[in-house]
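Each of the next two complexes has chain A plus one more chain, namely chain B in the first and chain C in the second.
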Partner chain A sequence: MSEILGTLVFYAVTVVILGTALGVVLSKNLVHSALLMTACFIGIGVLFIWLNADFLGAMEFMLYSGGVAILVVMGIMLTKRQDGAPGNPFNVRSLPALALVVLFLAIMFLVIMNSVVPAGEFISPDTVNGLADMMLNTYILPFEIAATLLLAALLGAIILAKGDGKA
Partner chain B sequence: MSIGLYHCLLLAAILFAIGLYGVLSKRNIIAILMGVELMLNAVNINFVAFNRYTPVSDLTGQLMTVFAITVGVAEVAIGIALAYRIYNDRQTINVDKLDNMKG
Partner chain C sequence: MHSGIIYSAAQGLREVLMSLVGIPIIVDIIMTIICASILLVIMATSALVFTLGERKICAFIQVRIGPNRVGPGGLLQSVADMLKLMDKEDIVPKGIDKWLWVLSPILLLVPSALIYAFFPFDDGVILADVNVGLFLLIAITSQTVLPFLMGGYASNSKYSLIGGMRTVAQMLGYEVPMVFALMGIVMLTGSLKMSAIVEAQSNVWFIVLQPLAFLIYIVTALVESNRPPFNLVEGESEIIAGPFTEYTGMRWALFFLAEFSNLMCIGILTTTLFLGGWHGPDFLPGFCWFWIKTFICVLFYQWVGWTFPRLRIDTMLSFGWKVLLPVALINVLLTGVGIYIYNIM
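And then the complex of A and B:
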């Protein structure tokens, strides 16, 4: 019974993720795209929790459907040119892009269907403690590098948005 | 049929393809950044699914996802700042018109 429920939840989340992702790309209004992108991130967070990665699900909710969504909406509002809905048109190369995407999907389907992975599964009883332990012991150097990267991104974003020293 | 690794990989591949289509076919820089975010999330789904459905002993896949999310968020912040700067300098963020390398 619970397995049937899990399958149903997976397919529901899949429909939400793929439907909203398609909406992001095909929507004519850029603000609708941003809203659908937020819904897509919420779906991905639910999928992470479904995959027993509850800390990552919480991170996805906070960082992507919280932070990134607000950043994108602010970017849309700051770069709006005229009154009315900000448009989201296709460029001149949308047909070659579609061909490339179909080719990519065909290759990925072939690769996934023909690859053999070792069977097994791993469910961590406590992802927060496990992740914290690894992050501050084995992977301390990437952790510090990520901190430096965030500082550099912060300073870079401020300097880029501020202008060439005149503001 | 119970859900396994292949379902998650196919979902991530389709999501990546949708994001790739957005990146390649959109005219607005912000829309292109949204496509990049979709692709990043597809890769994160792959990491988490491999960590869940293969015989591993620790959470390395999820930890890589943490780092990938960090880099992705830094990337979108810089991208939005760049888009704002380009808009300030040239009054457009249409990539079809941004074909001039000499400012």
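And then the complex of A and C:
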């Protein structure tokens, strides 16, 4: 009974994810596309939680639908064309695109069907401690290097946005 | 394992249902629906009570009488307000983005209602006691930003759009110091589980161990829930209620339902994270202590709101990034040093 419920939840979430993802591509309004993308992120987060990956799910909510999506939406809103044009460039070659999608799906289907996916052992849901241990003990050097890289990117973005003081 | 009236009542109800229905999963579903309904009722009632409370307290602070005509001492004022709002004409402005405009107030309510699942009301009385409880709670709270922006954009009005932009600037900006302030608590507890955080305060409340984090949390909580003096998103006197400008009647009321629900949430969170949750002397049951502390917190937040004038957006943002964030980081460092020294001794 609870397995049936779980499967139902899985299919409901999948329909939401695929539907919103399709909406992102098909919507003629760029802002709507960005907001549907947010809904897609939320769906993926729910899927992670459904798979007992609570931390990953919360991360998806926080960083993707809480951070990335807002920046994208805001960027689109601020750069919107003033004449009220929809602004989502459309491609007329929908048939080749469809063929490409079908081909991709066929390849993916074949690959998935022909590969053996080893079922992992059940991992304790308390993944936060393990993650923290890995990040701050085992892999502290790559972690710090990534942090330095991000800091450099941040400073670069500020310099680019503010100019070098001469302008 | 757990004690407390609510927990025993829920257990009793579960046993009765079990003998009536017999199938565990259906009993689980019914119990979840009952719990969710109770939480929704709490949320809706809080809006009703706080509307009146807000007006009465505001009047008291400003040496006025406040609403005093409807019912004894104006007690039924919020009921009258509600009837008025339902009766109002539903005005839909021209030139709006219809779907986004309609969805914005509804979507705003979803995260506000969802986070009630993570609050420990009493010993063992928590709907979803997950391992990453506090983190998930903050993640869900951060979803309230986008509906504001949606409403501001969809209204096709300059004031609304400015309000929406302000929401993003202030909520994203103050989320960072809030997370770092709460990190001190998580470091002391060693867990993100809400019940564990309350359990860790059975002897000493975290307000004693983390006074700096408490101060930062008070400020950021007021910002995150758009309470005065940080309600720049609404800013009635400058941008005419921001994202809500073009909404009337029940649609407008939904925004305020969310706002009062958020006020309750920050009260509950302050209680849970810093004031020991449902812990208290034994002569009152746990949930009584919980609600007493929560209402004191809400009163405090309203008091602050009606005492200080509204800040300017640029001073507020620079305060968040240049003062609160460094202080929060220093707090994390101090907590770490403290834990290290304590472990040595």
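The rule is simple: the second predicted complex is superposed on the first by the 141 of 167 C-alpha atoms of A that agree within 3 Å, B and C clash if a C-alpha of one lies under 4 Å from a C-alpha of the other, contacts with A are read in each partner's own complex, and residues count from 1 in each chain.
Definition applied: a contact is a pair of C-beta atoms (placed from the backbone, for glycine too) under 8 Å apart; a residue touches a chain by one contact, two chains touch by 3 or more.
Note that the coordinates shown come from a computational prediction; the quantities given were computed from them, not determined experimentally.
Visitor: Please tell me, clash or fit, for chain B and chain C sharing chain A in the overlay.
Guide: fit
Visitor: So, does A:67 touch the first partner chain B, the second partner chain C, both, or neither?
Guide: In the superposed model, A:67 contacts both chain B and chain C.
Visitor: Does the superposition put A:98 against chain B (first), chain C (second), both, or neither?
Guide: In the superposition, A:98 contacts chain B only.
Visitor: Which partner does A:77 contact after superposing on A: first (chain B), second (chain C), both, neither?
Guide: The second partner, chain C, only.
Visitor: If we overlay the two complexes on their shared chain A, which of chain B and chain C does A:38 touch? Say first, second, both or neither.
Guide: Only chain C is touched by A:38; chain B is not.
Visitor: In the overlaid three-chain picture, which partner chain does A:131 touch, first (chain B) or second (chain C), both, or neither?
Guide: First partner only.
Visitor: Spot which of chain B and chain C makes contact with more residues of chain A, would you?
Guide: The partner making contact with more of chain A's residues is B.
Visitor: Touch check for A:21: first (chain B), second (chain C), both, or neither?
Guide: first
Visitor: Which partner does A:55 contact after superposing on A: first (chain B), second (chain C), both, neither?
Guide: It touches chain B and chain C both.
Visitor: With the two structures placed on a shared chain A, what shortest C-alpha distance in Å links chain B and chain C?
Guide: Across the overlay, chain B reaches chain C at a minimum of 14 Å between C-alpha atoms.
Visitor: Quick check on my understanding: which residues of chain A belong to both its chain B contact set and its chain C contact set?
Guide: Chain A residues touching both partners: 55, 59, 67, 74, 127.
Visitor: Within their complex, state which residues of chain B touch chain A.
Guide: Touch residues, chain B against chain A: 1-3, 5-11, 13-22, 24-31, 33-35, 37-38, 41, 44-45, 48-49, 51-60, 62-63, 65-67, 69-78, 80-85, 87-88, 91-93, 95-96.
Visitor: If we count contacts the way the header does, which residues on chain A are in touch with chain B in the complex?
Guide: 3, 6-7, 10, 14, 17-18, 21-22, 24-25, 30, 33-34, 37, 40-41, 44, 47-48, 51-53, 55-56, 59-60, 63-64, 67-68, 71-72, 74-76, 78-79, 81, 86-94, 96-98, 100-101, 104-105, 108-109, 112-113, 117-124, 127, 130-131, 134-135, 139, 142, 146, 149-150, 152-154, 156-158, 160-161, 163
Visitor: Residue numbers of chain A touching chain C in their complex, please.
Guide: 1-2, 5, 29, 31-32, 35, 38, 42, 54-55, 57-59, 61-62, 65-67, 69-70, 73-74, 77, 125-128
Visitor: Going by the contact rule set out above, which residues of chain C touch chain A in the complex?
Guide: 23, 25, 97, 99-100, 130-132, 135-136, 138-140, 142-143, 145-146, 149-150, 153, 161, 165, 168, 172, 192
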